[in-house]
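The structure is given below, and queries will be raised subsequently.
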Amino acid sequence: MAAEESYPEGLKYHPEHDWARIEGDEAVLGITWWAQDALGELVHFEAPAAGGTTTKDAPYGEVESVKAVSDVIAPLSGEILEVNQKAVDEPEIVNDDPYGEGWLVRIRLSNPSEADALLDVDAYRAVVAGQ
Amino acid sequence: MELIFEKSQAGRRAGRVPSHGLPVPEVPAELRRAQQPRLPELAENEIVRHFTNLADRNFGIDTGFYPLGSCTMKYNPRVNERVAGLPGFVNLHPHQEDEGAQGALELMWELQQILAEVAGLPAVTLQPAAGSQGELTGLMLMRAYFADRGEGERRDTIITADTAHGTNPASVTMAGYKLEKVATTDRGNLDLDDLRAKVNERTAGLMLTNPSTLGLFDEGIVEVAEIFHSQGALLYYDGANLNAVVGISRPGDMGFDIVHYNLHKTFSQPHGCGGPGAGPVAVREALEPYLPSPQVVRDGDTFRLDHERPKSIGRVRGFAGPFGVFVRSYAYMRAYGPDLRAMSETAVLNANYVLARLKDVYELPYDRLCMHEFVLSARGLKKEHGVTALDVAKRLMDYGIHPPTIYFPLVVPEALMIEPTETESKERLDHFVEAMTRIAAEAADDPALLKDAPHERPVRRLDEVKAAKEPIVKYAFGERPLVEAEA
Amino acid sequence: MTAGYLSLTERDRDEMLAAIGVSSMEELFAQIPASVRFDRELDVPPALSEAELVRHLEELAAKNAHTGSELSFLGAGIYDHYVPAIVDYVLQRGEFLTAYTPYQPEMSQGVLQAIFEYQTVICELTGMDVSNASGYDGFTVAADACLIATRHTGRSKIVLTETLNPQLRQVVKTYAPGFGLEVVEVRHVGGTTDPAQLAAAAQDAAAVIFPQPNFFGCLEPAPDLAAAAKEAGALAVAHVDLTSLGVLEAPGAYGCDMAIGEGQSAGNYQSYGGPHYGFLAARTEFIRRMPGRIVGETTDLNGDRVFVLTLQTREQHILREKATSNITTNQTLLALGGLVTLSWLGPAGLRELGETCMSLVGYARERIGLPAAFERPAFKELAVRTPIPAREVVRRARERGVHPGYALGRDVEGMDDVLLIALTEKRTPAEVDRLADVLAEVC
């Protein structure tokens, strides 16, 4: 059961429909409500390995629904500390709870100042409105 | 309906294989099959029933109207099956010496001549197995052409339209090129300003269908060709929509340098549920040396396969190509002669007629006369009644009509791409218009009927999510015993 | 509107033009710039009525030397096997012949189920977990396998054995530059491949492709070749013959990652080289990288078992530039012929087919007074050494109404004196005797 449309305050957003929750020198990454709605029910999350890295603006994995595959774009660069196994095992959790249990990876930031280039809620809502 | 494996009974069999009482040499132990394969075991009559019952659950052009946009689902003449099945064709081995294959080679040569005339380009290869392989071949030809001119490193990009069929970008990747997209205007033509900004010395060429997947002829095609040629780049024509222009406008005259045909679209090779097809390619003289090897050539009264092609890109498919397809397409062309033009004219007439009668029932994104196909949008139905293009498609099945192409091209939301083809009668077209009109009304009065459609097919709507999440791609024999070696 | 296969009358046309709101057909084409309008008649041969058309095609067909007019032992990749009569029946059913790819599953359960059965049969024969719905032919599927291997391993070298069909090697080399692949070949030794040499070549390779049986008719040490590939960290890809898999071991049973091949031997006429079907099967872990269609099982709203194209996100029409391949139209109808034939044979028939072929090879070895070219067991083709060039043997034998086989020197250097004789279950001992007599005359 997909969630209601929402874009929480307190998250930073990337125009390719990814979010980051910054917690000190770490961040949790995922895809936004708009992304999961566009894709439809997810059937597969092609996750990176823990220990790998993310590079800002580059893909770090793929999510797949019946009708489309999409790169997941990293809003920030860092070392991957943990992959959400639940998203791998039950990808539909990303549709149900994209910002909570549907998180994708946790990273240690390698360049925290990159967060300045990300969008806040209002700027991201403007991106969504233009789609 | 049961799978053929579920109908099997150990020990049943259909065919007998000749045996001559000769001793059978032993297969070395390490190469020998240890476990018999669990192939079906049925008597012949039950095999026939099985496939007959399967056919009854399938809908072809022979069954009813099939307006799949960009697929050109025209009538497949039966005489073509008869001639393609002649022993002199089906029992001819591809390694037969050229002297022993003169009929086949002559047919291929004649086919090449007709294709060349239709495209307005002189040199043709029949080797590619399908349109997509034709595309890849065309891109490889571009690469060889530029490499030979020392421009190979520099020209690394191909430009496609944002309305392009998915094979175009995929072919670009497979050929090792980068992809750049150009926008389409509100009128459905390529955006010339966007194009001028993107075409430069790094451009190898353009891949374009004309008319486009919107069914619209690009009114600026002459300028488009000039933009590319002025930069020394080439133009590739995706022939998926050729049915609109045969004998009316030739891709070579539009300025294209390379053309691929889909014999299974324009020239009636039956689609066969997904093949076989054929994707011959025609090129300008300057590209002829790079064509795949071998080529069919004529020496006076005889024909042969020419393997001496030092600049050829090589081989893309086995032997000389899918010969059985050539027989059917050649026969089709011989049934029309120069009247192939009437084929295209009628395709365009039929499409415009249906468009005229449906444009006030659904949204029409591009208000122009179309060519052989057109695109409607069900966006209005979605907004007002929550009914999507998918729902419309599923409900059409209950009217005994195969749905049109949906959700393509991507630039039109809730797209319905309709291509009636020239072989349909006016009554068929009228029936389709009535069905689509009634469905639009049903969307308002009884949307649930559409959301749950189809209701009249052998099966209901499917859970495609489950199929992707837990792929089951073969029969699990489970508790069925292994085949025992026959006593 | 009397041309070809058109259904409209003059009156229809007038009514339709009126409904469109134009007064002539010409107005429909006003959108085409005048400078690109084709103003003359197409310069193509004149139209023929159906009876004339049939006669014309019959005349062309009569100019070909086919198996009805010449006793032929040609093989080398395409074979004269028996196509059961029920194949013609099934493939001519309009519901199969004239339908499109089954993107609308509610309209296409017939073919979807048939493809699912075909996938099952291919997996059973090859010992693999997943098969696609077919590729263009037995050579382009090798290119498909190379692409899977390079994406999976991240390596860019492909190893081919020289004993593979030369056309397969040509096709792979044509595709290689676009994929950024380097192709390396391992020479044959005595008609087969030396596992140690293969192991050396396979270092840093993405995949090794080897045949079983091979182009010279010989049986390769396939398990050792597969092991050599795996040792080097490369994927092991076996190029096999469906008609042999009743007597020869399945590639999946000796460690292969993929099995590919040309399906023509099972259920298709020779038809001067096509159309036929390539098959591609692999272990489960490669399923998301497989090109082409895959049919899966699911349920519908009533809870009934149904079939549908699945994992379509791999295919070109969704992934577009990231697709594993650009393949759209494949070879479904021909693969259906394969399914029907393999069902008609069943496991016993397939085994007997292999045994009959092998027994005829054994008979030919004794009767034909020419030495075998290689000291190796064979499946359905025997390579013999000829005292004069094999191409000349072919020419002379054809004058006596027999095509004795394929002159290997056409493709392979140093083999101008090797003739490859194919012995399918359609050949008889009497025909082999005739061949032996003709060869004795001409050599």
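Of note:
Going by the order they are written in, the chains are A, B and C; count residues from 1 in each one.
FYI, a residue touches a chain if its C-beta (ideal position, glycine included) is under 8 Å from a C-beta of that chain, and two chains touch if they have at least 3 such contacts.
These figures come from a predicted structure and were not determined experimentally.
Comparing per-chain C-alpha centres with the mean over every protein C-alpha atom, the closest match is chain B. Among the other chains, the CA centroid farthest from that of chain C is the one of A. In terms of their C-alpha centroids, the spacing between chain A and chain C amounts to 44 Å.
For the pair chain A and chain B, the distance between C-alpha centroids works out to 37 Å. Annotation: 19 Å between the Cα-based centres of chain B and chain C. Residues of chain A in contact with two or more other chains: 44, 64-67.
For chain B, residues that reach two or more other chains under the stated contact definition are 464, 467-468.
Annotation for chain C: residues 313, 318-319, 322 touch two or more other chains. The touching residues of chain B, when paired with chain A in their complex, are 407, 464-465, 467-469.
The touching residues of chain A, counted against chain B in their complex, run 41, 43-44, 64-67, 91.
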